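The same chain A turns up in both complexes below, where it pairs with chain B and then with chain C.
Now for the complex of A and B:
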């Protein structure tokens, strides 16, 4: 019983970071109808930002978010303005090719600039013991931070003027225009927020996992799995999907091995696609 | 420029791809007028409204609103000028509450008290929406959704409202409600340009009306004149 609780809680801790990554991916899809294949690379950039700020300036990764998130927001804003805006009204293939190109360019650029060396951020360690349960402190801190940021993003979308305008643009860009909403600006805000969240996810993973230029790929696959579980285009769906994925992954790696656990994730993904392709909370439209 | 004209469209030419749809349409709305735009399916009525609001590209022609040239301006820049547009098909933000739909209608209204007044007025006009303010707009009946769409347009307290087929596809009971609402708004002095396939009722309300055919002006006159015209009667009123 104790181990079961332990496994589930570890899974939930894992899920928090996935939620941060997948939430942005689903936001971009909702507002722009673009599947951003470079999303994992934004996570990678966030991880390197955390690494260099930690190594060079000795900045606490959590505090460094105050610096890196606005920066990543700007990166996303500019990416939308200069690149994505050219394809966000075109067929899906155009944006897939473009964002795949961006993904390759960022990975290559990172390899050239940061080398292929594995890096790590030695920030936090140890475990917190509650009764017979033990929780990794870095994971706990990462998860709590991720939940706070996801909550802030959800609050923005649900309650604020521009947050609602983003959702309105996602539901009908034409009616949003007729309401006087500058939909180009809405799209830049959406991409900026998604990129900032991906960067933050990178910062949080920087002290949990090794940092290397291709790290985005693994996380990207997990983000897709989350979205398949939660449903494309739904921010709360992505949150629940992320927690579900974390628990599935953690349980599978406890029962079997880490390698098999990876396989279990993709089997779940396929089963979900076969049985309920719209996910638990996906957009109902075609 | 004529100060008498709230909206003045002259010689509009537009098309989708290389197919011409408008081949010289001219329309005038004077302040306080209820203007009806009727015509057979495919005549280009919706395209006229889309061309005014920047959703369709004009190849030639002029559009002035309140004395300002607005041709080619995107819809979001027209809203602050006081131009409200309710597209065909009672489109609402289905995943948002009625209240949030109205709030989006007031997106450009930054002053809190003006916004509060707009909400009060709209809820007063549509008590049904006040009762249902937390309901998701997508779960409402067709007639109620059309009310949301119209109310959304009213949130900017527009100088002119463009309505595309507000009664299309509604149950007869709701068609009546829509026309009663239009009559009420007319009484309040709102200027409107209304596209309708329900010609008899649209003409009965109209101060002035245009009949379009194949992308051109075919007939115009007061609502009563068009109602009495043998051509209109033959084409639309089933004589």
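Now for the complex of A and C:
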């Protein structure tokens, strides 16, 4: 029983970080109907940013978020303005191929500048014992930070003026435009926020996992499974999907091996697409 | 319906500068150059093993492989608009079916490759039946998931597949034979595309791309057609994978299920022209050449530059070279091209 609770809890802790990454992916899909294949690379950039701030300036990774998130917001804003805005009304293939190109360019750029070495941020360690349960401190910190940031993003989307504008653009860009919403700006804000969240997820993974130029790929595929579970385009859905996926992954790797757990993730993704493509609460157009 | 009417049915296409009739008249000379180019490339490729070095042979073999993959991807995605982001799944299935049939079944290679092609086609039927009910982004993500799931599955099934360490086939010096086999598969894929494009079935597939509901209302059996096209596409991808495995005599899951195989095929098709017969050929000739030049000049920046190249294709040539030539009236708007 204790083991089971332990497995579920570590799954939920894992899910918190997934929520941060997948939240941005689903936001981009919701507002722009673009599948961002470069999302994992934004996570990679965030991880490297924290790594260098930690190594060069000795900056605490959590504090470095104050620097890296606005920076990543800018990266996303510019990416949307220069690249994505040219294809977000074109057929699906254009945006898929374009974002893949961005992903390749960023991975290749990172390989050339940062080399293929594995790096890590030695920040936090140890475990917190509550009764018979043990929580890894770095994971706990990562999860709490992720929950705070996801909550802040949800607050922005649900309660602020621009959040409303984003949701309106997601529902129908044409009608939003007719109502006087600057949809181009809304799209840049959406992409900026999504990128900043992905960067933050990168910061959190920087002290949980190894950092290397191709690290984004696995995370991105998991984020896809998350947003399919939650429903593509739904921010709260992505949150629930992330927790669900975290628990599924941690249970599967406890019962079997990590490799089979990876297979379980993709099978979950496919099963959900076949049985309920709109996910828990996605768009009805699947 | 004439072909020109179909092309101008696109909502956001600029109006034709010339009427269709003059386009064909002015297009005759361009057409001769165009078909001349295709024939010249074909003949040159056929003669490479006679005159070329081993390096040239290996390079052209790679290009032929890309061409066959691009043309087979075009058969489903270029025509129906269903963007398959998991095309490497069928390449990988073909490669592993060949490897397993040779290593564990003791089958002669040519036989194993044919079996592999059929295995891939069967997989296409099996996955296509459920997956092609999904539309747009859901299909794209689904096929991405299929390719990854199979890759992990192959890695886990170590006793049969050799797992992550890969599978070593019996090494043979088959470069020239494999070269002509790949050539045959590439030509066959393009010929099938030509057949499909010039028969009514091609128009039906294009109708699915333009508006699936309208196509269905006009009595087109969309599901059947999509699954059929998907299986044929998988067949050729599987044959390509099989020949690759035979020639390399070593395969591993990370290489033969690599998403980059799919993306290369897509980028080549887009560069040449989606839903056209010779678009994937032109795209693969150009992109293979450019890619090789980049690789030789900037070995460290190769990945990054490939990314930039793909971005440039999407931003500046989204309709492909074929469409540009047609817009300028150099070649006619014919479905035979």
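By definition in this document, the second predicted complex is superposed on the first by the 285 of 286 C-alpha atoms of A that agree within 3 Å, B and C clash if a C-alpha of one lies under 4 Å from a C-alpha of the other, contacts with A are read in each partner's own complex, and residues count from 1 in each chain.
In this text, contacts are C-beta pairs under 8 Å (C-beta built on N, C-alpha and C of every residue); 3 or more make two chains touch, one makes a residue touch a chain.
These figures come from a predicted structure and were not determined experimentally.
Asks: Just checking: does A:104 make contact with chain B only, chain C only, both, or neither of them? Give me first, second, both or neither.
Replies: second
Asks: For A:224, using the defined touch cut-off, is the partner it touches chain B, chain C, both, or neither? Pick first, second, both or neither.
Replies: After superposing on A, A:224 lies in contact with chain C but is clear of chain B.
Asks: Who contacts more of chain A, chain B or chain C?
Replies: Between chain B and chain C, C touches the greater number of residues in chain A.
Asks: Just checking: does A:118 make contact with chain B only, chain C only, both, or neither of them? Give me first, second, both or neither.
Replies: Once the two structures are laid over each other on A, A:118 reaches no partner at all.
Asks: Looking at the overlay, what does A:165 touch: chain B (first), chain C (second), both, or neither?
Replies: Once the two structures are laid over each other on A, A:165 reaches chain B alone.
Asks: Which holds for A:177: it touches chain B only (first), chain C only (second), both, or neither?
Replies: first
Asks: Is A:155 touching the first partner chain B, the second partner chain C, both, or neither of them?
Replies: Neither partner.
Asks: Which chain A residues are contacted by chain C in one complex and by chain B in the other?
Replies: none
Asks: Inside the complex, what are the residues of chain A that reach chain B?
Replies: Its residues touching chain B are 161, 164-165, 167-168, 171-172, 174-183.
Asks: Where on chain A is chain C touching in the complex?
Replies: Going by the criterion above, the answer is residues 29, 33, 35, 83, 86-87, 90-94, 96-98, 100-109, 111-112, 221, 224-225, 228, 232, 259-260, 262-263, 266-267, 269-270, 273-274, 277, 285-286.
Asks: So in the complex, the part of chain C that touches chain A is made up of which residues?
Replies: 77, 81, 83, 85, 130-131, 134-138, 140-142, 144-146, 148-149, 152-153, 155-156, 263, 266-267, 270, 274, 300-311, 313-315, 318
Asks: Once bound in the complex, which stretches of chain B touch chain A?
Replies: Touching chain A from chain B are residues 53, 55, 74-76, 79-80, 84-87, 91-96, 100, 103-105, 107-108, 152-153, 156.
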